[in-house]
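Chain IDs A, B, C and D follow the sequence of writing; residue 1 opens each chain.
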Amino acid sequence: MAALSVRDLSVRAQGLELVRDVSFEVHSGERVALIGESGSGKSLTAMAIVGLLGRGLSASGEARLGDEDLLGVSERRRCQLRGDRIALIFQDPMTALDPTMRIGRQVGEALRQHRGLSRRQAAEAAVKLLARVEIPDPARYAHSYPHQLSGGLRQRVMMAIAISCDPDVILADEPTTALDVTVQRRVLELLDRLVREEGSALLLITHDLAVVSEMCDRVVTMYGGRVVESGSVESMLTAPQHPYTDALLAASSAVSIDGASGEPLPAIAGSVPAAGQFPPGCPYRDRCPRASQQCTTMPPLEAVGDRTVACWHPVGREEPAAGITTEGTLK
Amino acid sequence: MSGPPAVLEVRSVAKTYDPKRRAGHEPSWALRGVNLSVNEGDTLAIVGESGSGKSTLARIVTALERPTEGSVLYRGETVSGRRERDLRDFRRRVQIVFQDPMSSLDPRMKVHDILAEPLRSLGLVDNEREQVRTLLASVELPDSAAARYPHEFSGGQRQRIAIARALGPSPELLVADEPVSALDVSVRAQILNLLSGLVADLGFTLLFVSHDMAVVRHLCRSVMVLYQGEVVEQGPTDAVFKDPRAEYTRSLLDAAPRIRHRRERGDASS
Amino acid sequence: MVRFAAHRLGILVLSLVGASVLVFGALTLLPGSPAQVILGTQATPQSVHHLTVQLGLDKPLWQQYFDWLHGMVTGALGTSYVSQLPIGTQIWQALQVTGPLVLLGLVIGLVIAIPLGLFGALLQGRATGAVLGAIGQVGLAVPTFVGGTLLIIVFAVEFHVLPASGFPEWSHPGSALKSLLLPAISLGVVEGGIISRYLRTSVLDLLQSDYLRTARMKGLSMGQALRRHGLRNAMLPLVTVGGLELAGLIVGAIVVENVFTLPGIGTLLLTSVNNRDLLVAQDIVMFVSGTVLVLNLLVDLSYRLLDPRLAGRS
Amino acid sequence: MSAQAEPAGASGPAAAVAGTAGSAGPEVVGGPAVGTRRRVRSFSLVAGGLIVALIIVTALVALIWTPYPALAVDPAGRLAGSSGAHLLGTDQYGRDVLSRLMSGARITLYTGFISVLVATAVGIPAGLVAALYGGVVGQAVLRLTDILYGFPALLAAIALSAALGASTTTAMIAIGVAYIPVFVRVTRANALGVLASEYVMAARAYGRRPWAIVRRHVLPNIATTIVVQMCLLFSLAILAEAALDYLGLGTRPPAPSWGSMLQQAQGYLHSDPALSLWPGLAVFVVVLGFSLLGDGLAELFDVRARR
C-alpha cells in the first residue's frame, strides 16, 4: 500500500485554481521527485497535503496517509499526524527556526507533543537527534540559538526535527536550494541516509534534475498547477515524453560541468506565466514547439506502462503534426 | 609582461570591512592577495561559494568599492583610489549587471528612463528614443517595453533590461555578478544564450561572477576560483575542469550534482 | 552588551544635559522677572531688586544654571517663590497621584490592546477582524481630554457612579482608586488604541513567519504554536515602542489631570507655569523628561536582553 | 557603525502604526489575500480622504463665509440649544458654535501644517545626510537625533509655550521640533535601504553622483513612506495642539480653536454637555481622518511595491 496517496488534489484561491487534479503515490522506502519551475504549483501541493496552506487558499481532493485522508480528518487529528507520521522540511533554513528559542527545545518539541516526553527526556533525545544529523558537538549546539548556526547546520536541525518521530512520509521542499554546492552535497547525502534508515517515503520537491537523477526513484513533472508527466526516473530522464519535461531536461543537461562549452543552449521560449495567466487547454501550449490546434483542449493524463503523460503530441511517440509553430515567441 | 596589454589588472588586492584594523589586530579579510589579469576579448569566470569574496571583487574592479590594499588598473592606468570625478571615462568603459533582477531595476522608473539614465549621466545622449529602441532590440525585447514599469516583467525579462542598461554606454568590459542564479532553469538558458551572443557580436570583455561551475564551464574561457577571499586556482576553463590542481576546486566539482541517466536519443527536440 | 549599555548610558547623560540646558534656557528667558511677578505690579523697584538678589537671580546665568543643576542632582530642589512650599515635597505629593494614574492607565491600555491586536490580526480578512481593527483606530483618535470629558458626562453627570473631579488622600484607598478610574480609562483608551496597532502588525508578521509554520509542522495546534513560539516574538516589537508609549502616558497624564482636576504633576506644572513659578516649572519639566529618558534606556536594554540575536553583540 | 538603539521600532511610533500587514509571503499565497485587503484598504483610504477633504473645504469656506461671525457675541442668545437659527446652538457668550467650529478648522489645519513643515524641512535633509555620509557628519546627525529622540513632544511644547508665551505658532514649532527625530530616522532607514539596492549600485557604475542618486532614485522611492508619515504626524500634531489649547497654552481665546472651545465648555458640563460634545467630536473626526488617510496610503503603496 502507498504510504502517501494523493488523489485529485486541487488548491483554489478566490476563483483561481492554482493546483488542479494532482494525483500521485509515494510508497514506503520510495523517493519521488516533484519537479517543475517556480509557479508550477509544486510547493502549494506539499503545503496542501500537510494542511498548512496560507490564508485564503483552500484544498480539495484526497491525500491519504496510510488509511486516513489528511484532507478529510479533523484539524485535531491532522495535528496528531503532522510531525509524527508526516513531516516537511522547508526550503529556507534561515527563517524556519524560531529565533528566540534554543535549538534543543525546538528539536525536542515534536517528541514532547506526540510522545509525551518530559522536558528532560526531550532534551536528551534532541541531543541524540542532533548527533544523528551529524552536527558536531550536539550538546553544545542544543544550547545555541538559530542565529549562531550556519545555513547548512540549520538545515540539519530542520532534518532532525523532521525525523524526530520516525515519520512514514517526509516531504522536502527544495531543501538544498538555499545552500552552497559543497554544503548541498553533504546535506543531500544525509537526507539520503536518513530516509534509507527510517524506511520513510520521500517526496522531494526540486527544480534540479541532477539532484533528482542522483536521489530519486520516480519523477512527477508539474506545470501550471497540473501533473503533466510521471514515471520512473530512468525512463523520465532518458526518454521524456512531455515536451516540458523534455525541454527542462535539455536545458539542465546542456549546462553541465561535464558539458562542452560554446554551443547555444536549448531554452524554453517565454517564461512561466503568473497564476491565473496560463492559457486554457494545455497550460504549456504557449511555450511549446509542438503545440497545435488540438492543444486548446486539455489532454487527458494517459498511462502507458509505468508512464503517464498528458500531451497530444508526446515526444518520441509520433512525429509532430504539420502546421505547428516551431518556435514559441517571446512576449 | 609581453603580449597585448591587459584590459584589467588587479594587483595584490585585499579588502576588509573590519573597522578595528590596527597594529597587532589581524582583521578578517574578505579578500586577500588577489592578482588577476584579463585580456581583451577574454571571458573570465570568478567562481566561489558564499563568503568567498567574489562579489566584493566584482565591486572593487568596477570601482564601486575601494580595496583596502593593492590596486586595480584599467588599460594600464590605476583606477582604485581615484576620485569619482576622475572616473568618468572608466565608468563609460566598464559596466556591471547584478544578480537579482527584482532589486536591480528602480521600481519607480519606466524602462525607457532606466535605459536612458546611463546615457544621460555619461553625456552619450544622441537620439534618446532611438538609442533606447536599439538597446531593447539588442536584448530581444519589443519597443513597447519602454513605456512599462519593471514589475510588469518576468524575472528573465527584467534581467534582459538590466543587461540592456549595462550595454548602453557600449562598455569594453562587462562585469556580470551572478546574473542567472536567481532565474529558473529554462529562463537561465535564454539569458546565457543572450550573453554569449552579445559577447560574440559586440566583442566586449566579460568578467562573469558565479557560484555555478556548470554555467561557468559553458560560458567562460578561463576561470579563477576563490575560497575565503583567496585565489586557489586560475587557468583556462578546460584545463581547470579536466585537471583541477587545488583541493577546493576538486571538491567543488565533485559536489556538483550530475544527471546520471543518459538520454537514449541524441538531442532535445527544441 | 556591556559596551552597548555603556554607550546608551553615554547618550542618556548627553540627553539629560541637553534637556537641562534647554529647559533652563527656555524658562529663564521668560519675559518678565519672577520677582516682579511675585510682588505684583504695585511693587517698588527697590523691593523688586531686593527680592531678585534674595532669589539669586542677579547672579550670572551660568552660575544660576549650575546652582540649579546641583539642586536637581542632590535633591535639594529649593523652595517655590510663589507658594513658599518646598518643591521636593510638592513633587513627591503630586507623584503619588500621577504615578498610580500612569500605571493604571498602562494596565487598562494593555487590557484593551491585547485582545484587540491579537484577535484583530488572527481574524484578519473577516468582518470581526476588521471591526476590531477599526476599534483600535478609533481609540487612537480619541484625544484624552475629549474621552475624559465624555466619560464625565456619562459616568459622573448622567449616572453619578464615579466622581468627576478631585482626589482624596490615599488614606482612603477605595475612593482614591475610584477617582483615578475615569482618568485612567481615558488615558488607557488612547494608549490601548496605539498599542493594539503595534500588536496587530507584529502578530500579522508572526502569522506569516516560517518558524510558526515549522511549529505547526511539528503538530502543534494554532493555539499551541502561538503560545510557545508566538508571544515572545510578537512582544519584541512592542517592547521597542514601550518607552515611547510610557512617555506618551506620562504626558497624557498631564492633560488628563487637568480634565479631572487631580492634584498631580500635570496640575502642578500648569499652575506653576500660569503663576510664573519659574523654579517649579523648570524642575518638573526636567524631572518628567529625565524620567522619560531613563525609561527609554531601560526599555532598550531589556529589548537587548530579550532578543538572543542582540544579546551577544556589543 | 557602533551599537545604536535601533531595533525594529526604530522608525518611531508613527512608523510602526503605519507598518501594515507586512509581506504576504510567497507570491501565490499573497495573491488572493490582497483582494480582501484591498477592500479594507480602499475603505481607510476613501473614508480618510473624504474626512480630510471635508475639513479642507470647511476651512476654505470659513475664510469667506460662516453663518455668523465667529467672534460675534450675543448676550441675549446665550447657551441656546440647537435651532434653525443656530444649528449647533450658541456658547456662553452667545457665539454661534457652528461658525466657531468652521473657523476652528482653519486653525487646526494651520497648526498641523506648521508642525509637519518644521519636522520635514529639518528631518528629511538630515536623514538623507545621515544616510549618505557615514563619517563624522553622519554620526553627528545620528547622535543629535538620539538625544532629541524620546523627548516628549507635548512636554516640549508646554515648556516652550511657558517660556515664549502661549501662542499657536510656538506650540506648533515645538511639536514639529520634537518630531524631527522621527523623520530623520524614517528617512535614513528608508534611504539606506534604497542606497543599498542594486539599482543604486548600477547608477553609481554609470557615474551618477550621490545627490543625483538621491534626487533620481532615493526620493521617489521613499516618498510614499514619507507621505504616510506626514499624515500620521499631521494627526498627532492636531491632537497635541488641541491639548495645548485645552490647557490654555496654545491658541488664546477668543480665537475659536477647538481645544479652547472644549476647555471653556468644561464649565458647562452639567448644564450643557452638547457644548463639549461638538468640539470634541470635531477633533476626534479630524484626527481619525488623517490617521485613516495615512493608513490607507500606506496600504495602497504597499500593494504597488509588492507586485
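For this structure, a couple of remarks:
The rule is simple: contacts are C-beta pairs under 8 Å (C-beta built on N, C-alpha and C of every residue); 3 or more make two chains touch, one makes a residue touch a chain.
In this text the structure is predicted, and so the values were computed from the model without any measurement.
With steps allowed only between chains in touch, the distance from chain A over to chain C comes to 1. Note on connectivity: the fewest chain-to-chain touch steps from chain A to chain B number 1.
When every chain is reduced to the mean of its C-alpha atoms, the one closest to the centre of the whole protein set is D.
Distances between chain centres, each the mean of the C-alpha atoms, put A farthest from chain D. For this pair, chain B with chain C, the centres built from the Cα atoms lie 55 Å apart. With centres taken as mean Cα positions, chain D sits 46 Å from chain B. For the pair chain C and chain D, the distance between mean C-alpha positions equals 20 Å.
Residue positions of chain D touching 2 or more other chains: 25, 33, 36.
In chain A, 55-56 are the positions where the chain touches two or more neighbouring chains simultaneously.
If you check the complex, the residues on chain B that touch chain A are 49-50, 140-141, 154-157, 184-190, 192-193, 196-197, 211-215, 217-221, 237, 241, 251-265, 267-270.
Across the interface of their complex, chain D is touched by residues 59, 62, 64, 84, 87-88, 91-92, 94-96, 98-100, 103-109, 114, 117-118, 121-122, 151, 162, 165-166, 168-169 of chain B. Those residues of chain A whose C-beta lies close enough to touch chain C in the complex are 50, 52, 55-56, 75-76, 79-84, 87-88, 90, 92, 95-101, 106, 109-110, 113-114, 145, 147, 158, 161.
Partner chain D is touched in their complex by these residues of chain C: 3-4, 7-8, 11, 14-15, 18-19, 22-23, 26-27, 29-31, 124-125, 130, 133, 137-138, 140-146, 149-150, 152-153, 157, 164, 194, 197-198, 201, 204-205, 208, 236-237, 240-241, 243-245, 247-248, 250-251, 254-255, 258-259, 269-270, 273-274, 281, 285, 288-289, 292-293, 296, 300, 303, 307, 310, 313-314. Considering their complex, residues 197-199, 201-209, 212, 216-217, 220-221, 304-305, 307 of chain D touch chain B.
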